[in-house]
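Scrolling down, you'll hit the structures one after another.
Two complexes follow with subunit A in common, the first pairing it with subunit B and the second with subunit C.
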Partner chain A sequence: MTELILQAVYSGLLQGGSYALIALGLALVFGAMKVINLAHGELVLLSAYIAYTVESKLGWNPMAAIPISVVIVCIASSAVYFVVGRIKTNREINSLTLTYGIGVILTNVILMTWKADVRTTNSTWMQEAIVVGPFYSMRSEVLFFGVSVALIVGLWWWLSRSWYGRAVRAVSSNRDAAKLMGINPGRTELVSFIVAGILAAFAGVALFSYGVITPAYGGVLTVKAFIITVLAGMGSIPGVLIGAILLGVAESLTVTLASSALQELAGMGLFLLVLFVMPNGLFGASRRRG
Partner chain B sequence: MKQTRTRIAAALLTLGVLSGAQADELAVGVQIPMTGALARVGQGTEEGIRVAAEVFNKTNGKHTIKLITVDDESSPAKAVAAVEKLASQDVVALTGGYGSNNIGPAADAASKLGLVYVSSGGVDDGLVNSGRTNFFRINNTAGYQKALVGLVTDLNAKSVSVIYSTKEATTGLAKGIEATMKAKGIKVTTHAFDPAITDFKPIINKVKLQDRSEIIAMVGYENDYVGILRAARVLKPGVKAMVGVWSLATPKMASDFPDLMPKVYGTAVLPFPVAFTTADGKAFADGYRKLYNKEPDYLGQFGYVQSMLLFEAIARAADKGTLKKNGVAEEMRKTDRDTLIGRVQFDAKGDNKNFTQRMGQHQGKQVVLVWPKEAATGKPIYPGVPW
Partner chain C sequence: MKFKPTLVASLLAVYVAVPLLFGADNYVMSLVIASLVIGGIALSWALLGNLGGMVSFGHAAFFGVGAYTSAVLSMQYHVPVFAALVLGGAGAVIAALLMLPVLRLRGPYFALAILAYAHIFRIVASEWSSVTGGAAGIGNIPRLPTVLGIDFSSKTGNYLVILTIVLVFALAYALIRRSPHGLALRAMHDSDDATRVVGVNNTLLKGMMLLVSAFMCGVVGAFNAHYINFLEPDYAFSALWVTIPIVAAIFGGYRTITGPLVGAVVVYLVDQLIVKNLLPSGHQMVLGIVLVAMIVASPDGLLALVRKITRKKHAAT
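Now for the complex of A and B:
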């Protein structure tokens, strides 16, 4: 039983890392602009399909797709910003409808371009097992867990130390005051969308390397990312990693100790419990100020 | 004399016009998921439906079929809307549907509108046990169950872990497999999983450390098989075989996932590479290759068979002038002929009472039929797993 639980916690930890990578971009835009980008999952999926194309057509390792994915997904993410940026009233609510619509369009573009077939990497290197004592995982899972942690640290540093990162936080806190301080809110928000695009590009390549993709999968990714963002508390980047790992471990332990059919229920149960006890999420604004 | 000739010419012309009216184009509705979660299987089935229309229109000199396709977006509500939209366009019957939860409400809507609905995309027994009089399907749970249990029994396995998706059709099939195998004295452990699961390692680890079964039976869909096989490849449980059902023993899976498929079993209608020997089979294969420039797969075969049977029933009803008097349903009930999936006859509930699947195994780049013995094209490699 101990062996089962240890493996479950390890699998949950790695799964949490992948969830965090998917949720980061959404959390950043949500924190910076109070916009829930419901097309975020489709941006991640777009990157995953670019990785598929690079592997299947060029025979390259999926990692080689990252620069191409970054460029294309950043352009797509900027396009989303330019559409969302045109909303003048009730941006929080109207952007929901708008980004949902963009998500539907992107899903169908992916479907028409890459067809409906199930895709995943055929890279043997990525799929090979890494066994450390009682812990089993794929190379790609460990690799992208590391990438996820590195990106979270990098994003946290960027937000707290760089001029643009501070500008994003300033615009997020008070758009008008930030303007008076000489910050261009439009440009700052565009930067946050571009950074979210970079994160989505990494997440997509990771997803293709250890998971299975289909054109309809974008919605599932967005929902998962949204749950983690709210669980973490709006705007908290380290909270995304902790929330994602909590979710991953809770799901994995549910499969091991109860039933695999209850996995999603356990995730949603945790989400509701945290919101009930801590309405601002694990690391929400009120907690951080305190 | 001149007047007589004119009268004869007028009569012939009238006859010609009348016979022309009888050979009018008959519209058939195709309600199918072309987008959404079921897009892959929906598109595969729709390809077969198109080939059926092409072949029928070439071979049946009297009637032609015009297909009107509406995408149900893999959603039950949109499946109902699609049926209603097609009915408003005067279709005489419907073919298509995928997923029991989409087919059920769509078939109800078709029934209310008095339209025959034929499908191969739903194996939940509730579809034929709910009193629908205009619903027909060419495959069912029993056929898949018989094949999988038959293979496991012939392999003389003593214990099986069944890993199944909690979707309606897969749950029904898994429960049936569990009951039948238990009745045969095989130890069965089941693991239901939510369709949203992507990491199967915790489940496979339970099989490895707790169940210690000889065989893992997978009842799910393509993405689930890939996830399960990948997790098994990492954890390497001590099983002797990986067995699944639909969408697994296909040439497409062999080419798309070459590292995961070796020695994996799945239900199969035909081996691969396949040589169609019947005239119907050749017509289908030629038509398919011409339209899509690729080798036919099992989804296309099912779509072709269900639609060809429907078109033939429509033609017979049109000949008898009973198209508007529930004649299509009556003609469907009279169906009794050999097809690409074997002999098809519908029982009173609209189910194909002869449906039986076969079991194939990925061996090299081929799919070899290994069960039943009378249809086998090779011997099973057992024990044998992809890792």
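Now for the complex of A and C:
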């Protein structure tokens, strides 16, 4: 039993990597533009389906889809930015309905292009077992956990050291002051959308490589990303990673100990617990959200 | 309310003329009933959005909980169907009470939290199979009964019931909006803090609006369960019960009372009669496009857009 539980914790940990990428994209855009992109999960799913096409039509490894995915998802993400930028009044509420509508469009584009069937990778290379100590996993899980951690470190470096990264943080904390310092807020917001798109593209290929995808999965991903940001609290990259791992572990423990149908309830339980006990999240600064 | 001849005439038209003209045509009547169901949800959504200032993506939860409550009560506990409709609304209110903690989150956080709740209720409905029949669903849900010689289980009977439900809700909405609470709620839009300072309990009022909205949506869901006699989790909690009403409310103008209703009829009929024939598998895409176009062009609805354009023309001449 203990072995099973430890194995579940290990699988959940690996799953947490791509969850963190999705959640960071959502949080980055929210930080820079105060807009929650409800179509974010669909962007991730779009990338996953591109990986499926690359594998099934060209017979290549799903990893080969990453460059194509990054380009397409970044274009889609920038398109979301330009449409959101056209909102004139009451942006906080209108952007929600707007991105929800974009999510509906993307879901149906995916449905029409790739049909409603459940898809998963056929690559044996990806599915081969990798043994680390007493733990088992697929090669794709370990591989993409490594990729996620590398991307997160890269994001941290970008946000704290590079000019644009600092600009994103400046716009997040005070838009007007940032403007006075010569930062173009519009361009910075676009950059945040593009970086979120890059993270979403990698996460999508990862999801396809070790999981199953259906056109309706996008909304679930957005909710998961949101739960992670609530767990983590705003403005903490390590917090998001830990929140994502917590969610992954909670889900995989539920699957092992109860049933796979209850998987989503685990995340929700965690979410409500945090909401009641510490509404600022586990690592958030102690200020009111919203 | 003042006596308005046009109001009486339109009431007569919808209560008498529609059944007389189309009562024999089952297809037309089912389209009309379905658009009224959508209209009912759109109205409850718009009430929360307009008065409560909250965008909800979780109204499918209220719709589904109302439907299941009413179906289970009438089948397993033999509650009369009309009483079960009201209790379905009460069930949705209980679901909304569970959501109250999310009121401490504002704006976008609230919207996403309520979306997450809708997922929970769907999972509960599919897993709690001893009561809900699980993923297989419930069949043979009792139809509306015959009362005072009127057979409410017929298409015309169903039409009269859902029409009455929607009109009563519209009236209730109008009364709330005119009341001092409505004034406080509208003031809250301009400044949350200022209304708090003059002694309005914002959170309480918002919470009340959530409960009222949930009740309305739950009753409509309960009606729909008895109308189609069948329920399954994926149907009762389908995202469609959120998408179409939102599009309808935004399209018609969610800050008005008639807007969501008119929007529901137009959007649903166009979707079913035109778009579905052109794009059988992805016809919902058009809903998304309409939503995006409306928010960008005129978030206050088509009527506001028309008014804006005509005003510009007037100014030009």
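Heads up, the rule we're going with is that the second predicted complex is superposed on the first by the 274 of 290 C-alpha atoms of A that agree within 3 Å, B and C clash if a C-alpha of one lies under 4 Å from a C-alpha of the other, contacts with A are read in each partner's own complex, and residues count from 1 in each chain.
As a working rule, a residue touches a chain if its C-beta (ideal position, glycine included) is under 8 Å from a C-beta of that chain, and two chains touch if they have at least 3 such contacts.
Small disclaimer: the values here were computed from a predicted structure and weren't measured.
Visitor: Report clash or fit for the pair subunit B and subunit C bound to subunit A in the combined superposed model.
Guide: In the superposition, subunit B runs into subunit C.
Visitor: Given the touch rule stated above, what does A:Val220 touch, subunit B (first), subunit C (second), both, or neither?
Guide: It touches subunit B and subunit C both.
Visitor: Does subunit B (first) or subunit C (second) touch A:Glu264, or do both, or does neither?
Guide: The answer is both, since A:Glu264 touches subunit B and subunit C.
Visitor: If we overlay the two complexes on their shared chain A, which of subunit B and subunit C does A:Thr256 touch? Say first, second, both or neither.
Guide: After superposing on A, A:Thr256 lies in contact with subunit B but is clear of subunit C.
Visitor: Contact-wise, after the overlay, does A:Leu4 reach subunit B, subunit C, both or neither (first, second, both, neither)?
Guide: Only subunit B; A:Leu4 stays clear of subunit C.
Visitor: A:Leu111 contacts which: subunit B (first), subunit C (second), both, neither?
Guide: Both subunit B and subunit C are touched by A:Leu111.
Visitor: With the two complexes superposed on chain A, say which partner A:Glu92 touches: subunit B (first), subunit C (second), both, or neither.
Guide: Touch partner of A:Glu92: subunit C, not subunit B.
Visitor: With both structures placed on chain A, which of the two partners, subunit B or subunit C, ends up touching more residues of subunit A?
Guide: In the superposed model, C touches more residues of subunit A.
Visitor: Now for A:Phe135: first (subunit B), second (subunit C), both, or neither, which partner does it touch?
Guide: Once the two structures are laid over each other on A, A:Phe135 reaches no partner at all.
Visitor: Based on the superposed arrangement, let me know which partner A:Gln127 touches: subunit B (first), subunit C (second), both, or neither?
Guide: first
Visitor: Choose the clashing stretch of subunit C with respect to subunit B from the list 7-15, 25-33 or 61-69.
Guide: In the superposed model, subunit C runs into subunit B at 25-33.
Visitor: Which subunit A residues contact subunit B in one complex and subunit C in the other?
Guide: Subunit A residues touching both partners: 107-108, 111, 220, 259, 261-262, 264-265.
Visitor: Can you name the residues of subunit B that touch subunit A in the complex?
Guide: Residue positions touching the partner: 35-37, 39-40, 42-43, 74, 166, 191-194, 196-199, 201-203, 205-206, 209-210, 222-223, 226-227, 230, 233-236, 252, 256-259.
Visitor: Across the complex, what residues on subunit A touch subunit C?
Guide: 30, 35-36, 38, 83, 86-87, 89-90, 92-98, 100-109, 111-112, 219-220, 222-223, 226-227, 230, 259, 261-262, 264-265, 268, 271-272, 275-276, 279, 289-290
Visitor: In their shared complex, at which residues does subunit A touch subunit B?
Guide: The contact residues of subunit A facing subunit B are 3-4, 7-8, 11, 15, 107-108, 111, 115-120, 122, 124, 127, 129, 136-138, 211-212, 214-216, 220, 252, 255-256, 259-265.
Visitor: Report the residues of subunit C in contact with subunit A in the complex, numbered from low to high.
Guide: 49, 53, 55, 57, 101-102, 104-113, 115-117, 119-120, 123-124, 126-127, 239, 243, 246-247, 250, 279, 281-285, 287-292, 295-296, 299
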